[in-house]
């Protein structure tokens, strides 16, 4: 199977040849790849070098934590890549943005009202978690849509708090 | 549910009243009992005292490892107890004894032959495991039945090595 | 003399105290919230009692329930750890009334030092230099504070009177932004300490945070165990501490140590405490506050002195003399502590919660880990995000950094994100290696991206790793589909059966 | 000067050496058998190469393959750890031929000390007292040995010439039983070392096993780092070591230390080594053998001296002088090491294999764990059963024992049985606490049953625990049956369908 893998805008053409070989560009490399203890931790021995890494599935990409550095990696097979290029490649920038709670916690305050115009970086919600107050800021300018939580309410991780149009 | 539980020939009458109470003899005790991390390790808070213990299922009993001491415990409900008492209680002493490998390893030597009379404590098999040679001895006197392995052979844990009649 | 100690705390510090008690043959009583039934401190203690629901205010801050449990269990001493009730004069007094030994200073010392404004006044009298700021005792209104602020000068700090750990602290650059910041500081202080009072202090720029560990017994002996360098902070939260400070020489150490001892004596201090100083670029030092309790970062002092501070706390609380004179305190080598927090350093340090599914703790020579978590334990949003302290010792600072590097690389915690990569990046930073940093370093002159440019080779390896994981995942789900097809055969069979019988 | 080290070993010692290399900035190359693909030393090293199938003879004993890998990877030094190739003169010579630094003594020293009979002859010349025994060099036939035995006198010991760790050792009480024991000793020695040669030694009764750690550089400097007490043994396998020995006073320590240095000098020793002595009740001491390598129990010496022995090995091998003179070696406090073996102390110490499903490592002040295993790792029957070393330090022996007790109680390893309960029982034994033991203590005067009688209360708790587990198990399987009933509903539905269409 052939993949186009992208790290920091650099593309790698990687073919998984069999269980113990990958071809990257035109180099054929011996790999010995094992998950550790059934966790999202992987041990890779490649041409004798030993690496260990966390590999997490993100929503659209993979997060690879290697030697203290985080790499955002997208992996597409050739068909996926063609489809995306044909579609024009643009992720929708304009539509509605749903602000979700990044962690479970207690809504301490909501600093905006429905219909209010906000600027990028403006504080919208204060969420208390682990005894720290966290300011959730607008990722872009827009108008506040529906606010779905009240101050004093407990929220779960990923629960939608409000929307920005 | 009521149980007769035996430790070192001492019998305890224990009733599991509900999730948080047991009655032992005529004392009603508050218990808070939790497995730890899905392992055969259990945390018990009983009348405020905190205990932690390994509890392993043996073939006929439970092995409880508590503060460095091992307790062999049998637990029977009242029906089981009546049945066992009715049956005369005697575990078969006379029949065939199957010597099984206590661990995986390599059979280094078999010191007896089929049909040979052996005494209790006589070395029957030498099994090498973890670079140690382990002598497996006759648990009682008898005559060697079939020998099912050969020197030089690798065996799995609990694999039958030979029988004594 | 007490023989059973109730530990009014949770997490790593509760475990730390239980260990010290056990090593001295003292019985231990744990208390726990509903979220902590399976916490390590509950598992390790001789006794354990439920306090109440998860929120601290309904559990670990419930002094009444804790004192009830002490009475019920026969605990005749209470160790408060840090945070929660550790610096509450009323709690220490209540213990005294009930004949329970509070393992810490006298209530009067807590009161004197706990109110930061009063503390300043007290040590000034003892000739200890302080940072300029509000000299008045607590309860100042916003109007008072806004009026006084210009005379102190900007930038300044709003600090919680009952505070500690950066909670309820705000930096103010101008009078205009002050009202909003006052409100949020009071709100945070109220939530963290149940006390919304604040005061003002001049912000010493380019300063280092250096603190001295104090030990005192009830015979009037007061010694210090040297300093800790705590300038590596983010949002006024310490992230890394080391001993000794790379900034002090023996002369300044002795001078500051003497002042620290004097400050402690000014409030008749007993037991362990910490005098925090700010030290400016020109080596002027100012008293900041005294923490009248065991400090999170006490292990770095233990590593360089060989003194078990918690054991010494227990001995002193039992009425013994200090085991050491000032001359007997010897320093050897260098120690560093990294606070491992459940927070994502690649996503603005947002707290991370969840169940720990796996962990691998670095071990070996010169490495110590103090933690209260283990695989299977759930990190909840109710408490502090610090889940472990990784402490190393080396013969020199350079060796300690190298050892910390290898220990951080070995450490695996799976299930929550941690700030371990932050510490790894810090260890690679030339300014940190050179000891050139102040309390603003992390926020202003450090970034997760800038330490060492990710090499081309590493990014290729990341690409290969992600590709292999993605490939295996696709293969596995393909197999699942095939298995489901087989599972669906019952229904196919039903279909066939139907046709057969039609 | 080398910069890349191949570690020709596995398990905790390979991990220990990798750590030391990393802390000195040296690159590391691991080798592994098919059973060890996921072992910690493979995960922690910079590079890793497969040696072959699981049995040692096809992997870790394959000197040829290891040297190939050194060449291929560019490793210009090899650390052999202990066991496997550590005391093979031919391997050390081969390294020298290939220009690879062997991190250990010269081949000639290994040869002189490795052949136990030659070693005796050598040290006798240097005026070192030895245990009476066969003076002749190896290759003695059974007939020779049977002839000589009576002149040494019974009881005596058969020992493997290439030996170590009690393998190939047998105790002989009479001439009659000697032929059988000779055969089994030779068989075990052949299997463990590839060399079936044995020799005889008088059995010193009531003796203690006390050894001295030696460090020597290539400039002729030889020092000792004090002694280790290793009398707690079972079947000639050490189970627990401590430093210092409760049996020595300063005078005897200095005398034995001097003799140990002299013994090392007699073979021009370089790098780390250990001189083992037997000490009888009257404090006479006899040279037993020299281990020309890093010792399993080196951490107790590290804990009391603060010296990192493996780092010092690496420095000396890089041609540096020793970092310490004899006068600079200072001893502080007391350290104890318990070897944690995968074996069942309640079932005649039979080895236990299986996958480790969970572990909780004791941590905190003064505790160190050296291990190569982790949850998810499989303990196979191919290698030594030692899976971890638990080491503690205390200011006094009593404090170290108390600390060891709490650490043992905290330690959880699930998936294999371990001898932790043995160590717990030992820590409770009055003879151990009193320091009153010799090498026969564990086998002859200690039992898992006799330390402290299990209290009535504990046996009631065990009864309740077993009852609750059994009850919950029964409940759960009842629920499973009910769930299966629901799962069967598809088939009920098929039946209904059939009836409907009939």
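By written order: A, B, C and D. Residues from 1 in each chain.
By definition in this document, a residue touches a chain if its C-beta (ideal position, glycine included) is under 8 Å from a C-beta of that chain, and two chains touch if they have at least 3 such contacts.
Source: prediction; values computed, not measured.
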| item | value |
| --- | --- |
| Selected pair, greater C-beta contact count between B-C and A-C | A-C |
| Centroid-based (C-alpha) most distant chain relative to subunit C | B |
| Gap in Å, rounded to a whole number, between the CA centres of subunit D and subunit C | 38 |
| Approximate Å spacing (C-alpha centroids) for the pair subunit A, subunit C | 30 |
| Whole-Å gap between the CA centroids of subunit A and subunit D | 47 |
| Residue list for subunit C, restricted to those that touch at least two other chains | 44, 358, 374-376 |
| Subunit A: positions in contact with at least two other chains | 37, 39 |
| Contact footprint of subunit D on subunit C as seen in their complex | 15-16, 19-20, 22-25, 44, 299, 302, 306, 308, 310, 332-333, 358, 360-361, 363-371, 374-376, 395, 399, 402-403, 405-406, 410, 490, 493-494, 497-498, 501-502 |
| Residues of subunit B that touch subunit D when the two form their complex | 1, 3, 5-8, 10, 12, 14, 16, 22, 24, 29, 31, 33, 37, 39-42, 44, 46, 51, 53-55, 57, 62-71, 73, 75, 102-105, 108, 128-134, 157 |
| Subunit C residues within the subunit B interface of the complex | 29-30, 37-38, 42-50, 72-73, 374-377 |
| List of subunit B residues in touch with subunit C within their complex | 32, 34, 36-39, 43, 45, 48-50, 52 |
| Complex contact set, residues of subunit C against subunit A | 56, 167, 184, 187-188, 191-192, 342, 346-347, 350-353, 357-358, 380-385, 408-409, 412, 414, 420-421, 424-425, 428, 448, 454, 458-471, 473-474 |
